[in-house]
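Order of writing sets the labels: A, B, C and D. Residues in every chain begin at 1.
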Amino acid sequence: MTPVLASLRGLVRRFGSVTALAGANLEVFGGEVHGVLGENGAGKSTLLGVLGGVVRPEEGELEISGQPVELRGPRDAWRHGVGLVHQHFTLVPSLTVLENLSLGRDAGASGFALPQTRVRPAAERMMARTGLSVPLDELVEDLGVGDRQRVEILKALLREPPILVLDEPTAVLTPAEVDSLFDLLRELARQGRAVVLVAHKIEEVLAVADRVTVLRRGRTVLTSERGGVDPHRLVRAMVGEDAATQTAVGLGAATGGVVGEASGGLLAGEVVATLDGVRANRASGAAALVDVSLQIRRGEVVGVAGVEGNGQRELALLLTGRLSPPAGVATVPDGVGFIPQDRTVEGIVGEFDLVENMALALHDDPDAGRGMWLDWPWIRQEAEAVRSRFGVVAPDVGARAEGLSGGNQQRLVVGRELRRARDLLVAENPTRGLDVAATAFVHAEIGRITSVEGGPGVVLLSTDLDEVLALSTRLLVMTGGRLLEVPEGSRTREGIGRLMLGGLQPDV
Amino acid sequence: MPETDLVLFLEAAVRLGVPLALAAMGEAITERSGIINIGLEGSIIGGALGGALGALATGNAAAGVLAGAGAGLLVAMVFALFSIGLRTDQIITGTAVTLGGLGLTGAVYQARFGATGTALTLPTLAPMSVPGLSQIPWIGSALFDQAPTAYLSYALAPLLWYYLFRTAWGLELRAVGEAPDAAQAAGVRVRWVRFWATLFGGALAGLAGAHLALAHAGTFAENMSAGRGFIAIAVVVLGRWNPLWVLVAALLFGAASALQFLLQALGLDLPYQLFLALPYLLTLAALAGWVGRSRAPAALALPWPKER
Amino acid sequence: MSRNHFAVLLFALLGLSACTGQQDAETPGTFRAALLTAGPVSDAGWYAGAYEGLLLLRDSLGALVSHQQTRTPAEFDEAFLSYASSGYDLIFAHGFEYQDAAMRAGERFPNTTFVVSGGGRFADNVVPLIFELEEGSYLAGMIAAGMSRSGVVGMVGGVAIPPVEGTFLAFEAGARTVNPDVQVLESFTGSWDDVAAAKEAAVAQLGRGADVLIHNVDAASFGVFQAVRETVAAGGTAWALGMNRDQNDVAPDVILGSAVIRIPESFLETASTWQTGTLGGRPIYAGASEDVIDFVLNPQLLDVVPAELVAEMTAVRELIRAGELTVPRVPFVEGEPGVR
Amino acid sequence: MYEHGGRTAWVVGAAALAATAVVAAVLLWVGGYDPARAAAAMWSGAFGTRGAFVSVTLVRSVPFLLTGLAVAVAFRAGVWNIGAEGQLYAGAIAAVWVGIEGAALPAWVLLPAVLIAAGLAGALWALIPALMKLRLGVGEVITTILMNFVGINFAAYLVHGPLQEPRGVFPQTEQIADAARLPALVPGSRLHVGFAVAVAMAVVLAAVLRWTRWGFRVRAVGASPRAAWAAGRIDAGAVVLATFLASGALAGLAGGVEIAGLTYALYEGLSPGWGYTAIAVALLAALNPVAVVGTAILFGALEAGAGAMQREAGIPAVWVVAVEALVILAVLATDQLMRTRVRGAQTPGDDEGNVSPEPARA
């Protein structure tokens, strides 16, 4: 048998009152791709953090290549051959891609050398080998989420660590990129390295992993060869036997299937928003939207698929009135809800409590006070309503939002924005990073509001094809700053994928 | 302007600009690591006193300059221990370090030279003329007939530029100042880098103080730093955190100061207070004009790690 | 939160005062004198002289003395109040800026006497002490003009306050008696401690041809001397003049002489007058006739100053001492001619 | 917002302060001064008697309080106004001008006019860096510092030139009219109504930040400009401009109150750097306006005690300054250690152990 490259046993780690790890185990062999599954909050990222030197466990043992080690920081982890690709980006935005790739590499050993000149050819070779292509000389801050994810992966790959750990690397990649990444991971495993992969999507893990470990509530509940498990067994392990039946509805979306039938049969209502020949530019001056026209009616879910950075962002900002077009006409209603894709940065204020985060949406609402004064008791009621109706798990509405789990933060944002979306809801990747249950919940809510008489229209911008396919009554593809209508016959992953490839370079 | 006046003006501009350049280049490195050291003034006055005492003790101005750099470094170490070690607020810590620096140097001075002070005569660093270059018309004597510390500042600007933008160490430093979490994830020792960057800035500020005492004034007086630490911080911004531009900005600032003395000596009967404001007004205009959207290091002045 | 910060504060102060000792027991009948300065007494100049005066009161008259350096006008009233209400009899406020606050304090504390150096207003217990340094700088001007080969002399000042403007006015007048065509340059640096700025102001004047410089920049004066020294070292000819105290030994190679105020002696004289109960109601003028102001030639450079010039200067000094020559000054005391 | 509490925090705090007291004592002892006398003088000068507390400590706290509020409100909106010093001078200039020119007016007109003019002038002084920030994208940290130097020198120019007292001799202005002076708050003391004005401002500011729509927007923009814009549809530019002006007005008011309450005339060097110390005052109060009252009194006490250390213990000003610096460092370290201990126990992060990034400051 191949050697055990990393072994984590009996890990315990608490963050304040939250116990993230309660005796988790993980054993990784050289030559395997090891999938780690678990609900949000199950402790996946913390477990990987321990391996990557980011989190120090309170109890438990860590062995790498058979030696007990204590990792005092990421630096130690690198030294022991562990390369961690983070879920949240750990790039320096104001540096170029190449500089980010060079950072920390050979640190200290050759401090006065010109690192970029040596890294560039290596980076180019790695890009060619993996099919992950990024512009090396652009600033990271100018890149979209997908490109940033590619940089993160390249950064780790370039160091060719014996143990490569990837935390949700696929969420923002195109299907083709996911495929080539998986090919690469398998090749790395064949070379004798160990690859640890965390993902939400069971099918992805099953597609690539040799073995699977499932975490629930900070404990390892299952470790098995790929052949020894099926999706339903994994789901039961993830959510627990009792809850499994209740979340069965979510399983469909999580495994790539379609949840029910999209409510496309309903008659769409009055027009609530219109874009007519609209253009928009990026901060750099490059064109982001080229002559876009669109009408949205009540009750319809307009799905917009596409690779990150093709103008979806600008489209969302236009529709929500946060951007006015330099050319063309945008007519948007007042009652717009907006679920931004990066909830920790744009959806909530971390240091605000739930009530104050509710006020973020309500502060200019005439109902929220009299004259210049705010009616906090009323806003508190609204927050309470969102908390109970949308199942936001928090001690009370006075809790700081940054203390909530990602899924609960998203529930808060979704609940708040649904309340605000009297006429229109614009959602950017609303389920990214959410677990099965939370994803199902968001999907159900979108379906609910659009099926009510006089409900709002919904624009769903998502890079997740399964999601768009499942929810949309009308399907568009955004590519190169243009909107393309998806013909009825092309409503498949492959069909959409072809349309998406039509124009990957929006900057002309 | 007659030629001699212009030459004298340029010479004065460089003399006044050099201490600012030294302090500001050091602060630029410190700030690139995400630390804003408002206590720079304390390092400068510490360097001036350290330089004076060192030169008196050894009878050697060069040894005094080294002592000055050491004193500036020590003051910066206090700042670093509090702001990096304890993660105290950098602005308040810097304010306290400036106060403490001015107070303690005064106290040491009085303890050494009596409560009513003395007019101290120090061994000085004589100007060194660079053969050939100092003969260049107009700017030759201004740039190349200066104290050795001036040449140090000319040399440091490109060296520091190379360090910042062309070496792995410089890349780490910038990353630490922009995104310490990301730098740490890449294996960089954030606090270590910041600590050394702060000490380096303090040592250069100490050099600036030693230059004031040993190359410029030839004496020490309480408060003789006269706010140069704060001006240096402005110079860093004007120079966009780039050592080359910082040198240029410091010389421009020196020129603006020199201008007021020239105009007064020319007998222009203008209110001198307005001249004193001139360097600041020029800097404001320059900021409005070209520095514009240049950005400070993103993590500047933020304690790290955020939680502990 | 604020409550906790209060607690921190209390902690700090309690901690500091945990080992509190008692203040000195008051000796009944002891005369108490205080000094206020707006700058550090370690300036080896204007404030240092006052501090020496305070120590002289302690040593010669057995006074209990105290000193406070104030930083802002807002502290003036507070310092007067603190001293007056804790039984200080005589308070020297060493600077014109104290005058308004002294007048207010004088009204409130009739039993305390306030002496304001360079003050412009007076009352029964508020006494301006006017140092007529102009008399010394007038003589300095004569020497400057007599020694200048270029016919250009310079003055470097800190802040344009009356004592400085007065000395510069007199310097210029003195210079003109020797050379009516003399050109006089004047620069201010805006600071009393920025030695580098004082030096650059001096360098700029030297560059404009000035070859004798006088200063009134207090602690920063060394910069002026340094500029002159460097000019000499570079082969030029230039001289400097000292001010406020005898600075001849500060740069004995370039300082021809110093215009001197004997502040300690003047303080002692004022305190003695107070002890006789006759101080108050009018300003005290302390000048050459009172032997408070003088011009002292540098003995080491006596041979470079022409004997005729020395003789001329000495003659004028005697005239001034005898009250037969009035040196121009900026009048600022209420009731003086030219003062509204 | 953070919370203090717990026994460890107190132990840590006490230890830090004890260490500082020891360091200060050793320093003074080495310098040849009696630390016990110094401590006693410091205490008596700040709190020793009712007179010391009311007439000195509280009086000294007024400029700290108003400039501290100016800094606090600005920082709350993420506006890094380091320019309270210059704005204070602008306010002082306006106050003295109105106070002299308006001598014919009755007190109930003149006094408010003086204070309003001071506030307006401070706001006007802040308008320049505000516009440079919003229109030209020039960071306010440096422009406000530069504006300080301009303001200080401008005031110096005025007292030597256009606003010089009528005799044209002393570099100060004429005294303002009696009707322009703030009456005593506590009869027989030096404490003027300006203290009450300042405390009222603190209360008003706290209420505005907590209870009004505008105050909420200020907090939202300060906490997360991106979220304020994306989720709150808040026009950050408008909030920044309004806050900058309000901050400038408060700092200007500080200058006006100092003139109308204490000095009655404008001098060079009116402020020894209150506008800078204000940053410490505001940050120690965690930018909470009501807490600023407390920290301002702390700094007032420190200054009052420093004066007494010179007068009563014979400790030279330079030593006093050094001890002041030590006390500030001690309070800072204590405060920080308390926060760390308490927070360390409660730090939630999210359930993955990640901590969200904080918005950049400068």
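What we mean here is this: contacts are C-beta pairs under 8 Å (C-beta built on N, C-alpha and C of every residue); 3 or more make two chains touch, one makes a residue touch a chain.
Everything numeric here is computed off the predicted structure, so don't read it as measured data.
> Which contact partners do chain B and chain D have in common?
Both-contact set = A, C.
> Any idea whether A-D or A-B has more C-beta pairs in contact?
A-D is joined by more C-beta pairs in contact.
> Among the chains, which has its CA centre at the largest distance from chain C's?
Comparing chain centres, A lies farthest from chain C.
> Using mean CA coordinates as chain centres, what's the chain A-chain D distance in Å?
Between these chains, centre-to-centre, one finds 45 Å.
> For chain A versus chain C, what separation do you get between their C-alpha means, in angstrom?
Whole-Å distance between the two chain centres: 73.
> Can you give the whole-Å distance between the Cα centres of chain A and chain B?
46
> Where the CA atoms of chain B average out and where those of chain C average out, how many Å apart are those spots?
Each chain reduced to its C-alpha mean, chain B and chain C end up 33 Å apart.
> Quick check: what residues of chain B touch more than one other chain, meaning two or more?
106, 109-110, 115, 181, 222, 273, 276, 295, 298
> Touching two or more other chains, which residues of chain C qualify?
Each of 40-42, 160, 190 in chain C touches at least two other chains.
> Name the residues of chain D that each touch 2 or more other chains.
In chain D, residues 1, 153, 156, 160, 284, 316-318, 335, 347, 349, 355, 357 touch at least two other chains, as defined above.
> According to the definition of touch, which chains form touching pairs?
So, checking each combination of chains, I get A-B, A-D, B-C, B-D, C-D as the touching pairs.
> What residues of chain B sit close enough to touch chain D in their complex?
Against chain D, the touching part of chain B is residues 36, 82, 86-89, 91-93, 95-97, 99-100, 102-107, 109-111, 115, 181, 222, 230, 233-234, 237-238, 271, 273-274, 276-277, 280-281, 283-284, 287-288, 291-293, 295-302, 306-308.
> Which stretch or stretches of chain B touch chain C in the complex?
4-5, 8-9, 12, 15-16, 19, 106, 109-110, 113-121, 212, 216-219, 221-224, 226, 257-258, 261-262, 264-267, 272-273, 276
> What residues of chain C sit close enough to touch chain B in their complex?
40-44, 48-49, 51-52, 154, 160, 185-188, 190-191, 193-197, 199-201, 203-205, 207-208, 210, 219-223, 225-226, 229, 247, 250-251
> Going by the contact rule at the top, pick out the chain C residues touching chain D in the complex.
1-6, 8-9, 11-13, 15-23, 34, 38, 40-42, 66-79, 81-83, 85-86, 96-97, 99-100, 120, 159-162, 190, 330-332, 339-340
> Mind pulling up the chain D residues that touch chain C in the complex?
1, 3-4, 13-14, 17-18, 20-21, 24, 34-43, 45-47, 51, 55-56, 59-60, 63, 153, 156, 160, 166-167, 169-172, 175, 190, 258, 262-265, 267-272, 284-286, 288, 290-291, 293-295, 297-298, 301, 305, 307-308, 310-312, 314, 316-318, 327, 330-331, 334-335, 338
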